[in-house]
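What follows is a set of structures for review.
Same chain, two partners: chain A is paired with chain B first, then with chain C.
Take a look at the complex of A and B:
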């Protein structure tokens, strides 16, 4: 119902029927528009953070392959992202392996670990699976903290010698230097983002992805239809880890090294929050979730006075510093309300419902 | 929850492999006891106190999970509130410890009831994820409210004079408040056991755990029992909070810190089994405190320094969980077909 309603809105707005191009164009639009939107004066006002937005969108979307499509809840998704980050950081700092060799290796390593862990635990019940992923993530964190052979840098993480030579930074901006050209780091990430997300999109709309949805909707029925449920779960877990590691690899350059927080449980928790916040039922849900979460976090970091309605024409000034320190309180409230309304829909689902109602209202239909 | 408490430890069914494992563990503990007796007893008591704290949180968590199918992530926040209410009552209002020990858990119970009535009661028939997420939201709200009211810095209260002294245990001395905590926790566990196993109320609750709908058809007012059990679970977590707050102190992150380990305890014990939660709580509490000591003693005896892995204590609960779930997929005393 909501799909038709949205299509209706698009028609109203004079847009053409987008069909199969909807998702590729949507991804391109996100990649192109994100930085101008984020750096607008009324928004955050500085562009650097837009790159992190894109990277986290890949990571959270990879998680949603598990939660949204397969119905597997992992409490340890940050581990697979962190394996990517740490692999590259270790390869560059300790073994002087080129980045373009280290990155695929990191992604393969992450996928390999996920495959083995998945073989061990993917068939467990929902809560057992979640708790076991938590346990493995804790173990990975412990190993990185333990600093075996001085490879992982312990609590301080890795920073020295973790940047490839072709990355240049000047005045807070990062560039990729190729021969005589300098490409803004944002556009390099945007290219990886679009390609990576398209791959993920192809994956979820392939027979493999459709089978995952069948497993989510009714595992017993899927099994009765001849689906090897355990195998599909293992491969979903593996692919999700590979895409998470892709994000992790980009994060290594973006954050200039690897830190323990990339492996922490808090990060895994944040990934879940962002996916749920955006709407696990939608391919673009995680993207919306990342945008809202990171935007709020950045916005409130240097936000003290609410001026209504605009800075130029102030009618009211509200001092919010004292309240906004505790913004997570309102996040919690938002969470409770969102779950009570509909647990899998999130912000995107809410938006679609509102748009659908609006378009129905405009067309003069009664509901 | 129902049959497990009458189940034996299963020693009669112990396989040769199991016997070897238990024998090896016993041997390692004896080595540690021989090498450092004072430290061993010290750590043993530490593990007991920690384990009992875990048990107090896990009991409520297990009751709510078993009865209502809700993964109550906010239970750690209730535990934390117990500690902060103690601070409010003792440090700010100047009331004696014994008043706080009774009043603070009741207040926590009220918060729990509020939580159940306002939010969680609407999620009983939703998939477990919905309850988990809502409870997570509540946990965030409670944590931020705590920060706003009592501040970020860790706080503590003065231990009452009677419990402030040390008790002499021959090889070492232990603060009386810690032994007091263990005794109170043991009494609470006993009380819960008697309530669930020996009263008509407990019987109807057990019926509800097995088949909520059928119990309702037979005329048992299930919603009222849900509220009561939620209240009870919150009160127990509150008692844990009072004891922890008095013995150690309180900080706004303590709820978060404890809730994850407590989930581990519930899962290791077997979801739906109160007896399992108690066993697993003590097991993990002791494992966290004794494993580093055992490894260190082993390193001393064998001369292999690499055996004493620093910071291994924090990882032990998770290793125990991985091992237990791989050998027994439903935890130590979990029931078949429960939350699967």
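Take a look at the complex of A and C:
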């Protein structure tokens, strides 16, 4: 393709006015394309993990409602996800409550805890708020570990009797069996993903969400201009917890139970890193962050030998398995670079800048 | 000389208003009675407590003692975020902005707040469309229409000062506190800004309190002037009265003249 033609295509792409449909279509595209892309031979080559990708995208996006849109940094977000996971696991294993009853209750419980915690700490300064979320998350982990009344299963977590009857598994795949027919678990999650993310998107574009952004930008100014900053923060915290718990209840089925890692500080830390890595400034940033993080985790864990050159006749074979098991180290390095370059832009911001420059250059040279 | 009027019947009044920081008295027993529609200049040397007075009047800082009245109502204990909804707005000495948002969005989100109150579960619809027309009107008033889509942090200093005034106007105030609206501006731009303040005052029927350093501006536009020195009111009066006041000459104007 000539330069002129390329520029023409880029211009036409830019001229497509998606407007308000941009985000809904983008979410739909992610839900539909993620599994085929991930399971392609050049990518991972197997589809099972795609479901986890979607669930974690909901969880990290819920965190970004706090970090990206309200300017609140919580070090304990996994707690609100874990409350969802454990609520469902306990309800199923100990009380035989149906999943479809337990899941909304788990989400409400998580939101309720967040509301109370938020009322206590939302007005504290950034550092103190972060430390207090850490403290609450740590105590939730302690309680689950202590196994009160045998409900939480302590260090082993909950596995027995934690699956609803309508979930079937065979040969590594999970299905939702409804009446006579069954659908793939991925598509059930994809439906929840699209609906949940649309709700979250409406939240950030609403008048309420725009006020959150004003609070993020300049809290003192917002207060001076008539905004009850504390109440907005409390409700942002509450909504974020509800969406995290939505991811958490899906995780319960996906992981076949609840484990302590769902409440751990390390998980909270990973959530922060994924959000920053993807780009906290963007609604799709957390999605990009989850994709990169989890893809690298899966890909590098299976990557043993680098064959050079990448052709039929290899000249050199480099054994990398011993190095690449430390995939988190490499992602950590990438995280450090992302924060140093621009803490709120992440991979998505970088991509946008590069594409913008590219199209400007092509256009400029074709004039 | 002092305010003869009763602070409890003024548009904005204070009675014995004080602010102490530990042993330091920043605002000392200040009585003010600003009449409706008045343009009151607050002058005084650096450290006289002018900005602290604004902070205490708006409850950005809680007063140590004394009372604040708005239209005859005691608002001393009303929290800061409630006050714009009672008609008391302010601009800041430094350029306080929602830096990464567009100029239009800076004003619009405040206009939305003015309509919705201190908190509202407005979860439906597109936030950017709420009160956008009103925000555009305000931008036109202060001459920022062409910068509506510019990120606020990329405005020139003077335009950022004007945006500060636009944001205060968006709260739909009856009493407007302006903290050095012309700071950092050249003489021409200062004059324009003061004319803007005067036209806003006339059109919207505002009561204005303005901290200002430029004596030429102060003497030409103020209805009355309050001189602060070391936290307390040294004198209040018309420009003529203030110019003729010996205490003021000694403490403030004289000092300036000697420097010149």
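The criterion applied here is as follows: the second predicted complex is superposed on the first by the 338 of 367 C-alpha atoms of A that agree within 3 Å, B and C clash if a C-alpha of one lies under 4 Å from a C-alpha of the other, contacts with A are read in each partner's own complex, and residues count from 1 in each chain.
Simple rule for what comes next: a residue touches a chain if its C-beta (ideal position, glycine included) is under 8 Å from a C-beta of that chain, and two chains touch if they have at least 3 such contacts.
Keep in mind that what you see is a predicted model, and the values were worked out from it rather than measured.
By the touch criterion stated above, A:168 is placed in contact with neither chain B nor chain C.
By the touch criterion stated above, A:332 is placed in contact with chain B alone, chain C being left untouched.
Of the two partner chains placed by the overlay, only chain C lies in contact with A:20; chain B stays clear of it. When the two structures are aligned on the shared chain, A:223 is found in touch with chain C, with no touch to chain B.
The partner of chain A that touches more of its residues, comparing chain B with chain C, is B. Contacts of A:265 after superposition: chain B is touched, whereas chain C is not reached.
Touch criterion met: A:205 reaches chain C, while chain B stays clear of it. When the shared chain is aligned, chain B comes close enough to touch A:132, but chain C does not.
Once the two complexes are overlaid on the shared chain, A:232 sits against chain C while remaining clear of chain B.
Of the two partner chains, neither chain B nor chain C is touched by A:160.
Shared interface residues of chain A, touching chain B in one complex and chain C in the other, do not exist. Note for the complex: chain C touches chain A at residues 58, 60, 80-85, 89-90, 92, 96-101, 105, 109-110, 112-114, 116-128, 130, 167-168, 170-171. Those residues of chain A whose C-beta lies close enough to touch chain C in the complex are 20, 202-203, 205-211, 213-214, 217-218, 220-229, 231-232, 235.
The touching residues of chain A, counted against chain B in their complex, run 73, 120-121, 124-128, 131-132, 134-136, 138-139, 142, 145-146, 265, 273, 276, 325-329, 331-336, 339-340, 343. Within the complex formed with chain A, the chain B residues making contact are 71, 119, 122-123, 126-130, 133-134, 136-141, 143-145, 147-148, 260, 263-264, 267, 271, 309-311, 314-315, 318-319, 321-322, 325-326, 329, 339-340.
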